[in-house]
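Here come two complexes built around subunit A, the first alongside subunit B, the second alongside subunit C.
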Partner chain A sequence: MLQIKPILSTLMRNKSGPILLLIQIILSVAIVANASFIISERIALMDRDSGTAEDQVFNFRLYTFDTNIDLESQIQRDIRAIRDLPGVIDASTTSMVPLSGGGWSSGYTVGSSEETAKDTEGAAIYYGDEHIVNSLGVELIEGRNFYEEEILTGSPDLATHGIVSKAFAKETWGDEPAIGQIMYAGDFGEMPIKIIGVVDKLQGAWVNSSYLDNSVILNIQLVNVFTKVLVRAEVGTLAQLKEAIPATLHKDNRNRVIEGFTLISEHRKRVYRNHELMATVLSMMVVLLLLITSLGLAGMVMFNIERRTKQIGTRRALGAKKRDIISFFLVENYIICLVGGVIGGFVAVLLGQQLMSLYSLPQLDLIYPLMTVAGLIVLTTIAVILPARKAARISPAIATRSV
Partner chain B sequence: MFFYYLDLAWRSIKKTPLMSLLMVLAISIGIGITITTLNVYQLMSENPAGERSDKLVAVQLWSQGKDAWKEFNNQLTYQDAYNLRKSDVPVRQTAMFITGLALQTEDPDFVPLLESVRVTDSDFFDMFSVPFIYGKAWDKGVDTEALYQVVINEVLNKQLFSGEDSIGKTLYLDSKPYQIVGVTKTWSPSPLYFDVTTGAFKDSAQIFVPFSLAPIEEFQSWGNNQSWKRESINNYSQRLNSEMHWIQFWAEVQDDKQRDEYAQWLKRYVEQQQLIGRFDSPEAAAQLSNVAQWLELNEVVPEDNKILVGLSALFLVVCLVNMLGLLLAKFLKRAPEIGVRRAIGASRAQIFSQHMVEVGLIGFGGGVLGLVWAWVSLSLLSSRFDLEQSLTHLDTSMWLIAPVIAIFAALVAGTYPALRICSTNPSVHLKSQ
Partner chain C sequence: MLSMKNISKVFKTDLVETHALRDFNLEVAEGEFVAVTGPSGSGKTTFLNIAGLLEGFTQGDYFLDGVNISNMSDNKSAAIRNEKIGFIFQGFNLIPDLNLAENVEVPLRYRGFNAKERKRRVQKALEQVGLAARMKHLPSQLSGGQQQRVAIARALAGEPRFLLADEPTGNLDSMMARQVMELLEDINKAGTTIIMVTHDAELARRAQRNIQIVDGQVCDFTMYQSGEGHQGGERASEKPHLVTESHVSLNQDKVAS
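So, the complex of A and B:
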């Protein structure tokens, strides 16, 4: 019914055209499958949630170069003044900013005795006061926040209480409750930190690290000439706070530089920029490749129609319906597509393996070549039907003419 | 003859405008994509040190303990940098890191600026060929006996002193007065090979101060600070004596002989440090890399770019196969005409070259159009992603590379169809007429 045999013999009679089409389809499947795999992988990376209120939280840098002041009370005054500004929900000093690409990280020692002690995975370390949880907009799901009197000022080594992210708690203590556990900032027994709370999700600063979801918040207000300040404010108030915060702080003491106001959502854009760039360029490639393949195919079909005008006219004269003519071209295309798809699938896997061995890419998922072949079949159907309709209109009378 | 073929080719292209357009489009898109990725790749992998690449070497030391990092860190500890500076083997050498300081002038109304500052030695400027407009680097003596001297760049000089010769004037960094000794021309090699720790495609710092001031002024490090050892660092002197890696170190050697000599010197240094209980890993060693090796080592060209160049080359192949198919169809359709030409005396070689000229013309069109695509896509990408200028300007070499690749690729793709057509037997076609 599908007239596969006559189609095959047509294909065999003039091999070079179909072979070229076959090569094109094989390469297209290999490229498109791998490219769309990389694209979807990058999109999945970019979709991860940082756990914070990204549109509300911003940070800025505060650099005090006045040496004749008590830095500690200066910073505390500054933070209080910021919290009182209209639009501000909360504010805290911090050691790092989520998704910003720079910050602090470390592993800790856990265990019940010196012999069984082991190192944890790395975790991002946020030093802040009792306002940092609210300033980040993260959700506390177990335990409690720091009390005001638990906050210590000065050096990071003093930390005694910690709030950890759920991912870090699970990785470190498994199903045991994290609340009440002790971990050590030094070797076993040195600088103990008691876990008092767990937040649902809080990411660190490095989106390509393997421990992005591991975070620890410690009860220290850092006192340093360079201070990072985290502010959570109503959406849309940043533009006005950008003016109000320096004005307020400069009124208190002029000898500092205040700059670098950045929303976490902007950090996100910047830190994922390369992934987004890769996804965009590859998508561009996929679209253009499919376009070129279908245009090329349409061109070939047009040419074939012209060459086969007499043959088509004869077939029409012998009783073939218009439908049959179109299906002839379609089946011809499907045969090439399927053969090309199968070989292209293999080539795609080979190419994927090559990329995997050379670069840090995961193994190609088989669904991608399959999807690509399916997509190509749909696309080539359109590319074939449009010119083939013209072929179907060829009058049977053409067969009776000699030229 | 060439121009006659060109005329024939142009007529043939005009006869089938749609098909010709398709072919030019196919090749131009392939070229456009390839040139886009190639351009970014080339700009990233450029070796900005040029012929000095072999003379400049980055020093790395495996100073970490037994179970620590499994590779050389790309920076040194302060104590190692301090000791290495005493070596008299290299011609020049410099330790450095980046910091940030508040900048003020003698004008009280000047709003303080936070500027990134490179803390380095006097040799830095000669080693990395920094051009000066006014003055020069601080004296070599300052590298051991610290003085509050500073080198600024042209842009900052324009901003602060409206571009005048500012040698001898004073500016304030963190409220301390520094005397200006030199003003450099705007100079920003890309990649910023001597410090790739915080991104290789940033602009170079605008202010340079002596490294010898670091222990006195306690400059904070704005770069990467990496520790393998758990030690408590609460003040600057603990930092200077720690095992934390945060200093970049480069040396300049005259030739390979001196490089070997320096490697020997470093080997002895490692052994000497082992005697006092440091460098306790069995793998403890020193490693020297010239600029080319250094760029390779630090993977300045990201993997993504290599993948993109590879995929776009495959893309170009698809475009060529596409074009090959179309050409074949087109040429074979013209077989009767060729039969007549052959019958009245055109040789095979003539037919072949006639078609190759046509193919070359299509390739040229594709190359030119491809350049336009590349320019469009680069400017779209740079505005959409706010990329560094140094990565998205269309390199001048591409003006030549694009048409050459396009014509060459088109000729390769056109060879088979042209061969097919010139080997047709004239009598077959003459008969059917």
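So, the complex of A and C:
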């Protein structure tokens, strides 16, 4: 027996309490829906796969100050020595480290003629040798890796072969095969680079970049006094390698500074710290708001039970079963919750539009207000059911007492 | 219609045991109009609560309309209250946020009647108490006597087998009280059994039988009425179950009046 009409009559004749609760619910729905949306956006951002073996791959920085040495052969000796260390799967020099926040990026020119040439979207650039694909732990899904003899040392402008990420290939050449395509590091015709392979996924260094998934690996081993080295090793060997690598490299030449051993998974934690913080703060706010709303609901029910003790006893005397009393309070609060939920849903969309224009957030997905209202109904049930069960235990004999 | 045999009701706290009713015996036949009187604290309200299935009892047997009420489930008790018993309370107990029609409709909703049937019964019950024209009014817009008539309409709407009235005129002035009493008499004449708890000796005399409760026990006096008038009818006392000093003095007082 839902008694919706008399409950509506009761609500309409005692507006102040329900209106305050309604306002609270409207604000809660509007804020919780948008906050949940932002949280899920942040979580989705943080969950993006870099394409690399994040728990296996680490990088370190190598500074060589000795000007009397052949830097190129020194670097090659160093990398070979690292590859021979126990636990190391592979190693390579690199121009950048995924998710590290720093590195190289560029756009390229593509097209079959000068007239039809166009610029590609930007892409992160990894310069490395034939070991870099394995050192990153990325999956080659089309074409091939670099051959050793294709690796050039020195200037980035010398690059002739490239391996691209699937996202870059798709964005640049659409459904056409990427293998065999030519792109130019300069204007059309200048510094051509032939695409020989496609990796499934490889992110760049900047997590807020719009082309995070666009990456290009070029066949250049950079030779600088400052070198970044990527090492892929068995999980759990970083601590041991942190000591073994400097010891090994210093045996060859002591005039180097070796520092900054960091797993890609640690880079991930660092670059997403702000996103994580925001998601945490918003989650706490959502929990707090829902808690306050449920306390408001429970408080209102308890107040109404106190106020209507005799009325409840009278209803019981007139034949209401315990479940009728429980359903009375549930329905009364469901009505407030649904009205608040519907209005709150509209306010949530309006608030979402404001946030979208002010902070360049994506448009609020309608599923969030709907889910918030659904969650609120569950919350209403939890908040109301206990006081309502208490009300149902009020004796019908209270009807004959002078209270 | 109503049969109570050796009913006891004990209220227990950690320190005190209070015997509200003890070995309480009562038979009420169908169509009777019984007034229940007694001093404050004598157990009248406890009797009314037990008779109306508003609370349980500690010992004894209670049959209502042939049904044994002992150890009945809460749901079953609620259903019997709803279907067979009409309640009239001293304070009217109308729901202030509902208009008259909605108030009268309350027990009908619990019975599960459809909207059409509820409307028909509400209309009929309010017509019976002369308030059909004011069904959209709130209780606060009515006088005390009118509110009690609404409460009577609410009690009648379910067409109960018997009415339990708890001091139905206790909050009314004498003119209103007379109107309400006449209404109850009309209802009784139409065949509804009425048990009325009252402090008002004059009202009690208008019932067919007056039961006095003292110290939780019943002392049963039958009052025969003569002719159409209810005043000054011949009365004869049957043998009381209990005679106490206070009871005797009450009894003498009643006879003297």
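Just so we're on the same page, the second predicted complex is superposed on the first by the 402 of 403 C-alpha atoms of A that agree within 3 Å, B and C clash if a C-alpha of one lies under 4 Å from a C-alpha of the other, contacts with A are read in each partner's own complex, and residues count from 1 in each chain.
The rule is short, and it goes like this: a residue touches a chain if its C-beta (ideal position, glycine included) is under 8 Å from a C-beta of that chain, and two chains touch if they have at least 3 such contacts.
All figures in this text were calculated on a predicted structure; none of them were measured in a lab.
Trainee: Kindly say whether there is room for both subunit B and subunit C on subunit A in the superposition, answering fit or clash.
Mentor: The answer is fit.
Trainee: So, does A:Ala320 touch the first partner subunit B, the second partner subunit C, both, or neither?
Mentor: The answer is second: A:Ala320 touches subunit C but not subunit B.
Trainee: Kindly classify A:Val257 by the partners it touches after superposition: subunit B alone (first), subunit C alone (second), both, or neither?
Mentor: In the superposed model, A:Val257 contacts subunit B only, not subunit C.
Trainee: On subunit A, which partner's contacts cover more residues, subunit B's or subunit C's?
Mentor: B
Trainee: Once the shared chain is lined up, is A:Leu282 touching subunit B (first), subunit C (second), both, or neither of them?
Mentor: A:Leu282 sits against subunit B, while subunit C stays out of touch.
Trainee: Tell me the contact category for A:Arg232 with respect to subunit B and subunit C: first, second, both or neither.
Mentor: A:Arg232 sits against neither subunit B nor subunit C.
Trainee: With both complexes superposed on chain A, which partner does A:Pro6 reach: first (subunit B), second (subunit C), both or neither?
Mentor: second
Trainee: Is A:His161 touching the first partner subunit B, the second partner subunit C, both, or neither of them?
Mentor: neither
Trainee: With both complexes overlaid on chain A, what's the closest CA-to-CA approach of subunit B to subunit C, in Å?
Mentor: Result, nearest C-alpha distance in the overlay: 12 Å.
Trainee: Any idea which subunit A residues touch subunit C in the complex?
Mentor: Subunit A reaches subunit C through residues 1, 3, 5-6, 9-10, 13-14, 310-311, 314-322, 324, 395-397, 399-402.
Trainee: Which part of subunit A faces subunit B closely enough to touch in the complex?
Mentor: 16-17, 20-21, 23-24, 27-28, 30-31, 34-35, 38, 61, 63, 65-67, 155, 157, 186-187, 225-226, 255-257, 259, 273-274, 276-278, 280-282, 284-285, 288-289, 291-293, 295-296, 299-300, 303-304, 306-307, 355, 358-361
Trainee: Mind listing the subunit B positions that touch subunit A in their complex?
Mentor: Interface residues on subunit B, with respect to subunit A: 19, 22, 25-26, 29-30, 33, 36-37, 100-102, 112-114, 174-175, 220, 230, 232, 234, 302-304, 306-308, 311-312, 314-315, 317-319, 321-322, 324-326, 328-330, 333, 377, 381, 384-387, 416, 420.
Trainee: Considering only the defined contacts, which subunit C positions touch subunit A in the complex?
Mentor: Those in contact with subunit A are residues 45, 48-49, 52-55, 74-75, 78-79, 81-83, 87, 89-91, 93, 95, 97-99, 102, 105-107, 109-112, 138, 154, 158, 166.
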